[in-house]
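Please see the structure below; I have some questions.
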Amino acid sequence: MGQDGVPDGTAEGGGSSVTTLDVTWAQAWTRAAAQVVAEHRDELVELDRQIGDGDHGENLHRGFTAVLAKLDGLTEPPGQVGDVLKLVATTLMSTVGGAAGPLYGTAFLRAAKVTATERLDAAGVVAMLEAALEGIVVRGKASPGEKTMVDAWTPAVHAAVEAADGGAEPAAVLAAAATAAEEGAVATDPLVATKGRASYLGERSAGHRDPGAASSALLLRAAAEAAA
Amino acid sequence: MKKLINDPADVVTESVEGFGLAHPDVVHVRTDPLYVTRAGGPRTGKVGLVSGGGSGHEPLHAGFVGVGMLDAAVPGAMFTSPVPDAITPALQAADGGAGVVAIVKNYTGDVMNFELGAEIAEAEGVTVRTVLVNDDVAVEDSTWTAGRRGVAGTLCVEKIAGAAAERGDDLDAVVAVAEKVVANVRSMGVALTACTVPHAGRPSFDLADDEIEIGIGIHGEPGRHRVPMAPADAVTEQLLTPVVEDLRLGDGESVLLFVNGMGGTPLSELYVVYRHARRLLEERGVTVTRSLVGSYVTSLEMQGASVTVLRLDDELTALWDAPVRTTALHW
Amino acid sequence: MKKLINDPADVVTESVEGFGLAHPDVVHVRTDPLYVTRAGGPRTGKVGLVSGGGSGHEPLHAGFVGVGMLDAAVPGAMFTSPVPDAITPALQAADGGAGVVAIVKNYTGDVMNFELGAEIAEAEGVTVRTVLVNDDVAVEDSTWTAGRRGVAGTLCVEKIAGAAAERGDDLDAVVAVAEKVVANVRSMGVALTACTVPHAGRPSFDLADDEIEIGIGIHGEPGRHRVPMAPADAVTEQLLTPVVEDLRLGDGESVLLFVNGMGGTPLSELYVVYRHARRLLEERGVTVTRSLVGSYVTSLEMQGASVTVLRLDDELTALWDAPVRTTALHW
Amino acid sequence: MGQDGVPDGTAEGGGSSVTTLDVTWAQAWTRAAAQVVAEHRDELVELDRQIGDGDHGENLHRGFTAVLAKLDGLTEPPGQVGDVLKLVATTLMSTVGGAAGPLYGTAFLRAAKVTATERLDAAGVVAMLEAALEGIVVRGKASPGEKTMVDAWTPAVHAAVEAADGGAEPAAVLAAAATAAEEGAVATDPLVATKGRASYLGERSAGHRDPGAASSALLLRAAAEAAA
């Protein structure tokens, strides 16, 4: 669903059929993201309750509910992938609050800037993910290993690059990214947080999954499924 | 979870609406986006003072809007920093042409959202300077943390910077005095019980009947360590000692002693804590010349308290004593 | 039970000692017997105002000692009326030669102890008049009860009678205005949780997770009936309606609306209650011209609230607005 | 213990040996009272928690602890029964507070007034109990059946009169009073309170024992046992 499915007329390379992701996919991703956030709201609240302040699921749910309303209220269909991502960015920025609002807001804003196009190929998907991670790092100044959402996005970008380099199609690139993000989120469990609210706990933050890494994995899986 | 609320999604808005209705002589409430300004608007030529942060810490910050303190406050969702969309208009509304100081508690979310809100306000022509409050000695200030949190000491920064702005100090001077307070104020808190965020519906952490949590923040976050329940004097000492040591308070110095309730603590208990904290200070040769006792920087219905010490000199004392007319602090 | 106290037997004394240390400019604390007087002593020729009662309701009453309100307060043991031995010297200390008004909440114990204390003070030459406060509409005022209790409305009586005394009214006039307030003030409270008296060590009543207790007093006594937990607006209506009906408030009248926290209730929730109570009053054509929201007449760490309505006229409004400088009420 | 035991030299009537209670008994009673109050402190708190404010046991315990200290601090032994009762009265009045302080204070004060003597015979015991009840009623204005300590003292006085009329000795008079007080306390269980703090509960006060009636029975039993 949402995947263009039409072999790209100007496909290059060794005869592989090349698909691209378009604005329909972007909308499908957004809707899928809103749905997984709603489904996992309580789980994310619980993760944040363990090592934070218990609002992460609620904040994202409020944000994506607003995103859906914005999407439904559009009078003209968005023309470019970036239009959808920009709507997501600004809405999250103005409704989520907390740490996640600016972080995801900046991620989607940067992603939107590099997707001012009607179609994304594998390289486009990689560029989008790289821009998103860059936005998170610019805003939050965290490095990998600090037990934040960076620990989901970094391996995701890595896996996406690798998949694209290996000739994978956009959907497969996203799937690789999602899987890596999920592994990255799980890998935050033993880490001691040194950024964000969990850092106040010191050693006691170990043994819990970072909520932002968990939600990042959910968002990336939604992207992959919208493309599948 | 039993709370005097309707839908958890509406509690902040309904509460702030009620606040505005109750105090029209002091504050004015704007909704969508939600922020609170001083009744009568900004005074031309006065440096504006804005603060904000997640809700659930009442009376902080809206209760400190008024003459001699804040010009505007931005309440976020429960325990969630407000969004730039609300911060920007609050900064604009507080601007009397002499610039605005944003007093921001040092949390990743608050810092980032205020950064974004200030950026947009500056683009609209408001000069914004930010002062970060990070008084919580429970958190190590190191590369291993997001830095110390802002907790009850924030009240001291808002009161004193507010007095400086009110007497006509310019932007640099207000920032300087606010930073002086930040440099000289430290806090440490304890939780006897956790609090329950409305949308979460269950306590923010689990604490056994004979345990307390030392070094808690004001967002229902767990603290630094858990110890057995102890008499108030012993608990007070555990709070005061790190504060005094971090401040390197010496013989002959004067301080403000502020014992703050976390929301669900009887006032009588706060005075028991105050009594012993004061004795401990006096034993170190420190003179308590100003005092504040009450639930001012809270964590919903959490039971517990924090001890804040502010090193005073003549300037800070005079600014602390200056008139203030807000709903929560008034003299 | 977790409390910031040392030995339960010492909590009242230690707390009041801390209170005295924190506010030497406003109050003076005497121990053995324990009572609190206004700093500077009685003003010659001014009618003295004294109140008192069991502890656990802080800031009531000691928090209301100061210019424009009480001259002395007598804190009893937790939830236990003070003894005549403490009441008598407090009455004497408040006497500036113009007589003393004792404001007594209508509880059997308070009434009897103040009666005894006043008797002895009178024998020592102090003219004492007693005003009983009985604003709690939860209790039927009939031969089937000890009469209605005094609860949060007591604050209104103390504030307004205090202003009358301060402006120089004589003994009869102060008594008259106090009785006018008593005749026009009504309250009703709800508990979401019970409180724990330190020496009892367990909650004063047991309440299921989905139940609330309507019509509670301020001593951890159970209320009149137990109902399922409901949204704040519905609970507010259950508190306000009997108050309004008992006062026979009519279209076009003006009132003070006072939403009081029981000690463990977040301020944000009190404003949610205030918002709806105000709406309900407005729907009846009643104008809220004065407001007070906060935890002033508490029941230790009990979660809950009470709604108090005082019918205002110009005299009561002016006296309410008159300056007051106590630790808990200040304007 | 504490009973005089010596047949009264001027005994009248049909040859029965008549004993009297003296100041030693009064002191023994006081100490016994302090002891039962300490032993039953939590039970009285619990009764008061049910239909009052949970302080009755604590208040009496504080009061009788002070009484013991006063008794121990006496430099001269008291000469008359009334001296002991007056010490109890004033100490309770100035340390108990609440409703019970003035009520018991007045009871013991009135009792002291009619026992300004070295010895009490049966009629003296009756007079003492009557005076105590009168004090409680004067102070509290309760009638029997209102679920207060009056419901223990009224049958106690009644039983004492009856026993004395039947020629019982002081110890037996007190024993009859104590038993009647105990029955009176039990009989408060079904009553709906119309005086004191329990009256706020209305119908819900039924099904609980009145704490003041219970403590009254304890005090009277202590008096009887001190005489036995």
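Remarks
We just call them A, B, C and D in the order they show up, numbering each chain from 1.
Methods note: contacts are C-beta pairs under 8 Å (C-beta built on N, C-alpha and C of every residue); 3 or more make two chains touch, one makes a residue touch a chain.
Quick caveat: nothing in here was measured; it's all calculated off a predicted structure.
Centroids built from CA atoms put subunit C at 56 Å from subunit A. With centres set at the average Cα position, the gap from subunit B to subunit C is 29 Å.
The distance from the centre of subunit C to the centre of subunit D, each centre being the mean of the chain's C-alpha atoms, comes to 34 Å. In subunit A, no residue reaches two or more other chains under the touch definition.
The residues of subunit C never reach two or more other chains; the list is empty. Because contacts link the chains only in sequence, without closing, their graph is best described as a line. The set of touching chain pairs reads A-B, B-C, C-D, using the touch definition from the header.
Partner subunit B is touched in their complex by these residues of subunit A: 45, 49, 51-55, 58-59, 62, 93-103, 105, 139-140, 192, 194-197, 199-202, 204. Per the touch definition, subunit C reaches subunit D in the complex via residues 9, 54, 76-85, 107-109, 112-113, 115-116, 138-140, 143-146, 149, 197, 199-200, 202, 204-205, 217, 219-222, 224. Subunit C contributes residues 2-7, 11-12, 14-19, 21-23, 55-56, 58-59, 63, 192-193, 209-210, 212, 229, 231-233, 235-236, 257, 263-276, 278, 288, 291, 293, 295, 298, 300-301, 303-305, 330-331 to its touches with subunit B in the complex.
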